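Heads up, the next two complexes both have chain A, just with different partners, chain B and then chain C.
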Partner chain A sequence: MSKEGGGLGRVFVVAGFVFMIYVVFTGALTLVDLIVGFSTAIVVGVLSSDLVVKNSSKAFELRRWVYLLFYTLKYLTVYEFKAHLDVVKRILSPKLPVNPAIVRVPYEVDDEYAVTTIANSITNTPGTVVVDIDVVRKVMYVHWIDAKAVEDFKAREYISEDFEKYATKIFG
Partner chain B sequence: MPDLRTFIIALSLITVSAVLGYALITYGLAPVANQDLVKLSRVYLGTVFNKSSVLWGASPEVVTSIIWDYRGLDTVYETTVFFVAVISALTLFRNVKITPSNTGRGVGMTVIVKTVSKIVFIAIPAVAVSITVHGHLTPGGGFQGGSTFSVASLLMISVFSLNLVVARGWSKEKLLSIRTLGLLSVGFVAFSTPLIASLLGLKGYLMQNLEKPWAPVGWPAEVSLASASSILVSGTLIVLNIAEFVAVSAGLSLIFITLSLPTNVLEEGGGVAR
Partner chain C sequence: MVIDPYVLTEVLTTLLLMGALIGGILDVIAALGMIRFKDFYLRLHALTVGVIGGSFYPLILLGLYSMIKLPYPSNYYVGGIALTTAFFILITAPAGSHAIARAAHRSKHVPKPAVVDRLREDRESGVMN
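Now for the complex of A and B:
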């Protein structure tokens, strides 16, 4: 338990999250809720922190949180808008201009939260869906409504380069 | 090219839904219930919901205040039924050994599902405990909270594999002990009032909740902690809810674990003829 970012730090990170969920779900901050929420958070933290968090020291770096906030806003506005606009155009066009294909998209991050961020960012934008992932070869298989490129790294440029850049800064 | 018939069908469907929607919004939401109270509701509102009455149920919620004293009975019966159900299920698989070596390979789903489920997994207990502890103020309670919690076990089993759950130490014996602890607490609360009352030479009822003028032993409705204003704990209810939560969480989780065992393990251990 004495690895870097392990032990008590992990418990603290998990407990903090659980306590936040408790307070938000309960919608009250009475003394009882503080006591019960705190004890629940500690118990869950002790029992599950080794499974949930690998390196807790990352959670205490402000730079990562700033990037997370920035990426969240940029993703929900810019990337989502672009992707929606593109798919709306395809749907409304009478010619139905689709060129679907499943392409292989490599990734380079190691942290599982970073991998999940990239994969969910790809899936959540219309037009691209991650259908499978190979963690040994470090590639995702992405279904793409308009395959502009089928070569691995060319496809990554179109699909996930920006997502990976931010995921590395937040979780990597 | 849609013909005239399709067009007319579509148009009439739109018209019907528009008319129905308009009617529902305009007339459907108007009050239809009789605003006068019937005699029975007058009686209840004047006694169990009325703080100045000796029969006050100590609940800010009308339904709970009416069924307050029955809730203990409800919990004990519900726990009994659940106890019998779990025991019956475990009897069928009584010789099944649940060990890390016979619970499959433990591969689980992809890293994406696992990571997302981890976040959900630690959020579920917070919600479950909140439902349990506010059981006397809301429609929640121990059974609801325990069922919510067991979803976390189910999530663990389906996403991370049964093998991981067992390997992390959630053995049959451990879960059975936790469940028994919850059941014993329910029993203790049910017998506590008449026991103490009989020791003091007073009248007391089985599963009695709050004190009554003719039976003055009961669990406190409110508790004061330090300088803070008194906290409504509602007599036995909060204790019963927590005990029930513990029993149901452990019992349901054990059932989920047992039912997720590979078929050959169930057949070997269940004494089923092959």
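Now for the complex of A and C:
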């Protein structure tokens, strides 16, 4: 495990995240809520920061947060809309046109958060589901409802190239 | 021209409710897809339409709606719970889909029809365990 960022930074990142979720979930800013939320966040942060964060210095770079915001907005509007429209058309069309295949999709990122982001983005768009993943050879096996290409890198162009570009900028 | 804040709120909340209604329609379409698709893996795609289009977006829209419309103590409470739930659906639903698809393929369920099945090819040739 790398020592970059130090232990305190890691605790701060996890505790900040937990505290934010607590405050949004309760929806109140009374003194009791803040004290309970703060102490819970510190306990969770101390206990789990070694497990979930390796390099906390990445969390303090503004550029990554801007990309994260931009990617979230673009993903939730453009990509999801296109994929939903496609699958809904297929379900409602009388002939039920499908052309499914399980294709290999190679990826090149190293960070575990980036891999998870790519895999979750692929699975969350209707029409593509990650079936299995090999972290040694760096390939995902994706079930695709309309296989426009069966070659590895051609399929990657259609499925995950954009996701990977942003995941590298956010977490890589 | 001055826009009346009351009218603006009414228009905004009506738009939010209409969006949530579209989510309900997507849920019905997803159920239809579950019946019409005959293969397990194809049904997973219909499932994703139901989870993201039928739960995630309506929860966000209803969270914003309740933040605007409900009286003070309960608006942030209900809205906050809706937004947090939406966030956790977004990050946990793919984990479930992924686990169930992987389990199906490991128990030798063949996708049918399928143009190619690279995962089975690699399992048979021993590259992937």
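Methods note: the second predicted complex is superposed on the first by the 169 of 172 C-alpha atoms of A that agree within 3 Å, B and C clash if a C-alpha of one lies under 4 Å from a C-alpha of the other, contacts with A are read in each partner's own complex, and residues count from 1 in each chain.
As a convention for this text, a residue touches a chain if its C-beta (ideal position, glycine included) is under 8 Å from a C-beta of that chain, and two chains touch if they have at least 3 such contacts.
Only a predicted model underlies this, so the values are computations on that prediction, with no experimental measurement involved.
When both complexes are superposed on chain A, chain B and chain C end up sitting side by side without clashing.
Looking at the shared chain after the overlay, A:Asp132 reaches both chain B and chain C. Using the contact criterion defined above for the overlaid structures, shared-chain residue A:Val44 touches chain B, although it does not reach chain C.
Draw one line from the C-alpha centre of chain A to that of chain B and another to that of chain C; the angle between them is 70°, to the nearest 10. Once chain A of one complex is fitted onto chain A of the other, the partner contacts of A:Asn124 are limited to chain C, with no touch recorded for chain B.
When the two complexes are overlaid on their common chain A, residue A:Leu62 makes contact with neither chain B nor chain C.
In the superposed model, A:Thr26 makes contact with both chain B and chain C. Put chain B and chain C next to each other and count what each touches on chain A; the higher total goes to C.
Annotation: superposed on chain A, chain B and chain C show a minimal Cα-Cα gap of 5 Å.
Shared contact residues of chain A with chain B and chain C: 21, 25-26, 119-120, 130, 132. Note for the complex: chain B touches chain A at residues 110-112, 114-116, 118-119, 121-123, 125-127, 129-130, 133-134, 168, 225, 228, 231, 233. Residues 14, 17-19, 21-22, 25-26, 30-33, 36-37, 40-41, 43-44, 48, 51-52, 112-113, 115-116, 119-120, 130, 132-133, 135 of chain A are the ones touching chain B in the complex. Residues of chain C that touch chain A in their complex: 26, 29-30, 32-33, 36-37, 39, 41-42, 44-46, 48-49, 52-53, 73, 75-81, 83-84, 87, 90-91, 93-95, 97-98, 101-102, 105, 111, 113-120, 122, 127-128. Against chain C, in their complex, chain A makes its touches with residues 21, 23-28, 80, 84, 87-88, 90-92, 96, 98-104, 119-120, 123-132, 134, 137, 141, 143, 145, 147, 150.
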